[in-house]
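The two complexes that follow have subunit A in common; it is paired with subunit B in the first and with subunit C in the second.
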Partner chain A sequence: MAYSEKVVDHYNNPRNVGSMPKEDPNVGTGLVGAPECGDVMKLQMKINPDTKIIEEAKFKTFGCGSAIASSSLATEWVKGKTVEEALAIKNTDIVRELSLPPVKIHCSVLAEDAIKAAIGDWKKKHGIEVPAHEKSSH
Partner chain B sequence: MSTPFPITDSPLVCWSCHERTIGTHFCSSCGKMLQVPEKSDYFAMFEIPRKLWIEMSGLEKKFLQLSWKLHPDNFVNASPEEREISLKRSSELNDAYRTLREPVGRVEYLLAIEGARVEGKSKQQAPPELLEEVFGLNESLDELREAKASGGDLGNLKERLTAAEKNFQDKLAEVDGELQNAAKEWDAAVDASADEAKRRIVMAKLNELLNRRSYIRNLVVNVEKELL
Partner chain C sequence: MAVKLPIYMDNHATTPMDPRVLEAMLPYFTEKFGNAASRNHSFGWAGEEAVENARQQVASLIGATAKEIIFTSGATESDNLMIKGVAEMYREKGNHIITQAIEHKAVLDTCKNLEKHGFEVTYLPVHKDGRVDPEDVRKAIRPTTILIAIMYANNEIGIVNPMQEIGKIAKEHGIIFASDGVQAAGKIPIDVQKDNIDLLAISGHKFYGPKGVGALYVRRRNPRVQLSAIIDGGGHERGMRSGTLNVPGIVGLGKAAELCQQEMAKESEKLFGLRERLRKGLEARLDEVYINGSMEHRLPNNLNMSFAYVEGESLLMGINDVAVSSGSACTSATLEPSYVLKALGVGEDLAHTSIRFGLGRFTTEEEVDYVIDKMVQVVTKLRELSPLYEMAKEGIDISKVKWQTA
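Here is the complex of A and B:
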């Protein structure tokens, strides 16, 4: 099975690799994993508490090319979006953009979960209740 | 759903003689090979209970006997239906043997047929502490990898990688030990005809250990790649 050009591009030039201080009240951290394949993904966002705009996003993923590409794309997409807009990103959007084959769909699910987990963490820090459907469990 | 022993997943009515039948592979009335049941059950194929300790020489013996009986060579002159059933049963028998022979694969299979682990469908959850730990271990491995790429002190690096490998191998051995204990717990629950709730608890434990194992297994593979 060959990876799509976009996956290869994200894999070779991952965007926004890195990390931000977990303790920063404006930083939300989402750490998620797919035990079936042993992938772990950390996604962090710096969110402006007044505008609720995601000003910065960083990720680090240990996993296959599709998992890296999915999280790299996720950081690109959430940057500049509001929290609500970012929560609207669906794993199927990622599948479409990266042309992921069926066996790699769980990588996109992981990225969607990571977005939700990061925002959930930020909301918790700010005392905002996280509705059940926004929780990262599928 | 838990199944008491003996397990027969075979169709109730034989396709050939239309009699009710209780055989596993062959009809108890007319002796024809029975159609492959829709839902496979590798334990039932070997007529063993759904337990995790399996006596290997017994399994192998049964496998060889069944392979012989079900082999397509025996059905060269049989009807097309029978030839097809023989082919299907033989290939399923091979899958069953390969799966049950392997201790981890056996646990995975048991959880799958008991509905406790649906691959790719309901997503497996990992506890946050495990994720933190695995992430940290991956990061340290990454540091070693980078140092290697930038031509660090190779002797020292090799030492650290070897130490990391030992650490991961130890963790793997540890989780395998825990998996064995949980497997014993499962067998005890089956022997005691424990209720569904008790079985669910043991299955959850097995599932968690399998998840942990797959993370650690990845780490072992990755560190070994660096040591090549």
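Here is the complex of A and C:
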């Protein structure tokens, strides 16, 4: 399979790889996917409780090149956004940006889920209710 | 000397043609173009002579006689012909076929097709090491069993089945024993007499011959095996396979068989050495790597390894100047991980992380060393990126984690 230039770029130079302490009240962690399915994404965000701005984002992904690229891109996109803005990111935006072929759309869905899961985790820590449509579908 | 890139290490998929094979074939495209079935002129005779010579070369490789070899378009056709041909010919004797879980699709799908037409098929499980237990074969035999089809060696994990034991059981019960010999032929010694094999499918391009040509060994004595043809026409190949013979291809197949027979002892020793160099190199420098399938009963040129916590396709992407293949779902059309590894009981998580290395006649030590370095580098990088590796290092049992699957 031929990969798009952007997927190759994210694969070769993944942005924001790493981990933040899960216990930090300002850090939301999303872990989505399953090893049996060949994809697991961990996305973490450090969110300023006053401004609700995502100040830091880190990821680690087990998965194909497209999964790595989708999560790497997600960290780039959420950084500097407010929680509400980050929740507005759709998997189709990722598909478009990375020119993912149809068989790789699930990678973008997983990345969107990871964003929702990380924000959901942060909201829970702060006693904010997570509406159903913000819950990850996986 | 710098290694020439890209490196080809996918010799179970196909092999490059040996230049000596090409040389032998060339005259048969141009000046010796005759139809081997033209019995009344010298052009035809030249073609026929070349074909008969190749028949002898192929027969000699597997301990058969020339008259027992028929030429086909490749092993998929040979597999189809040996199974469907027996099924139809011996339909009145019974409708039961025994095969096993990790056959090539050319065998499995042919059997599935026959199930739609009133045949019953037993798909035997395999041991953890990938091999069939001969006792399982014995236990599966019914009064209606007409065929046992077990591959000689597996195309993904390179394990070699206990052919002699299975052949003996088939013989005792008077059941035809057919084998897909594609990966074994030309790589390890095959003797259809010793193994009691009645039908054996082989393919030219898996042992340095051309694509588009294969052969089927059909036993003529003790017992004489009969086949219904699946391609009808001019009655070529003793009526079992009609169609004008692919003379240049057949010449190439014959030459490739001859070379393999002459060089097998030396070549398999060399390949074994290189394969072990690869295995030991990877095992020494990476933790949590697992070999899939028996190391004891294995083709000398095969290594199939799982690199835990690193997904196979992303691994292939990182070693893009090395041609290997992966059992990862992402590299297959079905989005399912390897059915072969699943049948061995390899967890789906590890199946996704498997890589098949297929060494060949032209593999060098420098290439092996390059592949080791590259694999270590990419696996290390991807593990840095892997949440699973991080969790494992924190002491979390990945298998106990409740994953949010759809």
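Please note the rule applied: the second predicted complex is superposed on the first by the 133 of 138 C-alpha atoms of A that agree within 3 Å, B and C clash if a C-alpha of one lies under 4 Å from a C-alpha of the other, contacts with A are read in each partner's own complex, and residues count from 1 in each chain.
One rule holds in what follows: a residue touches a chain if its C-beta (ideal position, glycine included) is under 8 Å from a C-beta of that chain, and two chains touch if they have at least 3 such contacts.
Just so you know, these numbers come straight off a predicted model, no measurement behind them.
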Examine A:K42 and indicate which partner it touches, taking first as subunit B and second as subunit C; both and neither are also allowed. both
Residues of subunit A touched by subunit B versus by subunit C: which partner has the larger set? C
Can A:I68 be said to touch subunit B (first), subunit C (second), both, or neither? second
Using the touch definition from the top, say if A:Y3 reaches subunit B (first), subunit C (second), both or neither. second
Tell me which partner A:Y11 touches in the superposition: subunit B (first), subunit C (second), both or neither. second
Which partner does A:G120 contact after superposing on A: first (subunit B), second (subunit C), both, neither? neither
Under the stated touch criterion, which partner chain does A:A34 make contact with: subunit B (first), subunit C (second), both, or neither? both
Of the residues on subunit A, which ones does subunit B touch that subunit C also touches? 31-38, 40, 42, 60, 62, 137-138
Interfacial residue positions of subunit B with respect to subunit A in the complex: 119-120, 122-126, 128, 130-132, 134-135, 138-139, 142, 210-212, 214-215, 217-219
State the interface residues of subunit A toward subunit B in the complex, per the touch definition above. 31-38, 40, 42, 60, 62, 105-106, 109, 113, 137-138
For the complex, give me every residue of subunit C touching subunit A. 309-314, 317-318, 328-331, 335, 337, 347-349, 352, 384-390, 398, 403-406
Interface residues, subunit A side, partner subunit C - complex: 1, 3, 8, 11, 14, 17, 19, 31-42, 60-65, 67-68, 103, 117, 136-138
